[in-house]
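One structure is given below, encoded as structure tokens.
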Amino acid sequence: MFLARVIGSVVSTKKDETMTGRKLLLLRPMFPDEANPAALKPGGNTIVAVDALGAGAGDLVLFCQGSSARMATGMKPLPIDAAVVGLVDTVEVLGKKAT
Amino acid sequence: MFLARVIGSVVSTKKDETMTGRKLLLLRPMFPDEANPAALKPGGNTIVAVDALGAGAGDLVLFCQGSSARMATGMKPLPIDAAVVGLVDTVEVLGKKAT
Amino acid sequence: MFLARVIGSVVSTKKDETMTGRKLLLLRPMFPDEANPAALKPGGNTIVAVDALGAGAGDLVLFCQGSSARMATGMKPLPIDAAVVGLVDTVEVLGKKAT
Amino acid sequence: MFLARVIGSVVSTKKDETMTGRKLLLLRPMFPDEANPAALKPGGNTIVAVDALGAGAGDLVLFCQGSSARMATGMKPLPIDAAVVGLVDTVEVLGKKAT
Amino acid sequence: MFLARVIGSVVSTKKDETMTGRKLLLLRPMFPDEANPAALKPGGNTIVAVDALGAGAGDLVLFCQGSSARMATGMKPLPIDAAVVGLVDTVEVLGKKAT
């Protein structure tokens, strides 16, 4: 899994019928940095993930990719390759809290 | 999933028999950019995806990759690793519409 | 899926028994380029894919990766992560033929 | 699989219910280098993996990704795409121990 | 699949119980190069793969990744995402042997 910040959302009316009513979030992956353990660095590419945990703009989340995204609760029949699987409380890097 | 612009198409007459009649689209991945939330930036690599939603040249779409592509309606037996799963109405980045 | 040019082949006598008799092709991924829609650009990494469609040196093909490669006709039990799934007739980028 | 050093951990209270009680480790991938076989080089991106082997900060581990992460003992129903599958005793590169 | 040179090995005593007795090889991916068809170029990242074919240091092998690694003979229940599936006899690039 990777850490990510929720930076936006996507609306798609015409989509695969199994995805009706699903919330699509835009995620910016965030990476810990041992050289500066107190801060997370943004990654290069954004990802669109389905969310069933109620994440909102600015939240730090944990997401998984690939077939494992369909293992998130209620997602089995969906053609999705990314899902939010946790809201992050704390990240600890080399013994320090990172935000 | 990722956002992408439809930039073309591929025709293949001799292909795996399960793919007969399938439309193959060329997709250019597009990425939101917090530094300029109103515009999407093109990614480096193009992808060929199967489409069952009627996407056309210039459309902004949502596509998924890997085994999840086979979860798109009607795609189960196909040897495909990318499928269009939604036509995008709006993308919102940091509270602004991106196009 | 991605487009690729067949640039060579691999011979392996001692291999997983399920792969006996399979043809292994070396593929160079090829990418459309909106800045020059009439030409395809070569990608950085080559891939070894199983072929059951009779592709030969110089052919432009479509290949898929991951578990989907095993969905190609006759490939189910093979430990392969890439398969040729189509021979490409034409690629159209922004309304122009690309070769 | 890849080698990685445990550099921290992630706490997530609100997460997919199947993940309750699971330990989430931050991993820095580490790569052997033939030019300097005695040392491992850190990779660019960190990964969050589930651990069931008791790995701790500073440990060198082996992790797997994708659907295979769910094959780790007890992980089948979890929406995870990375798991620690071994604690590493020794790495040998070109006949030399690497650390 | 990709080509790779065996450059070392990994020993892990405490590992997922299904992996007991498995040989873990360090692989350096190798890529053909049309500009110099007689030589293979090393890739950037090393990979740890399970081997059941008896590959040794210096051997050129073919490996597969992802869920397909578990399709290698005897690997079904293992949490592995890379396996050696062939020992390479010859690689031909643009009609020339590459080594």
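To keep things simple, chains are lettered A, B, C, D and E as they appear, and every chain counts its residues starting from 1.
Assume contacts are C-beta pairs under 8 Å (C-beta built on N, C-alpha and C of every residue); 3 or more make two chains touch, one makes a residue touch a chain.
Computed from a prediction, not measured in an experiment: that's the story for all the values here.
Separating the CA-averaged centres of chain A and chain D is a span of 20 Å.
With centres taken as mean Cα positions, chain D sits 32 Å from chain B. In chain D, the residues that reach two or more other chains under the touch definition are 66-67, 69-70.
Taken pairwise by the contact criterion, the protein chains form one closed cycle in which every chain touches exactly two others. Each chain touches its neighbours in a single ring, whose members, counted from chain C through chain E onward, are C, E, D, A, B.
Across the interface of their complex, chain A is touched by residues 7-19, 24, 26, 28, 42, 45-49, 57, 66-67, 69-70, 77-82 of chain D.
Only residues 1-3, 31-32, 34, 37, 43, 53, 62, 64-73, 75, 83, 85-95, 98 of chain D touch chain E when the two sit together in their complex.
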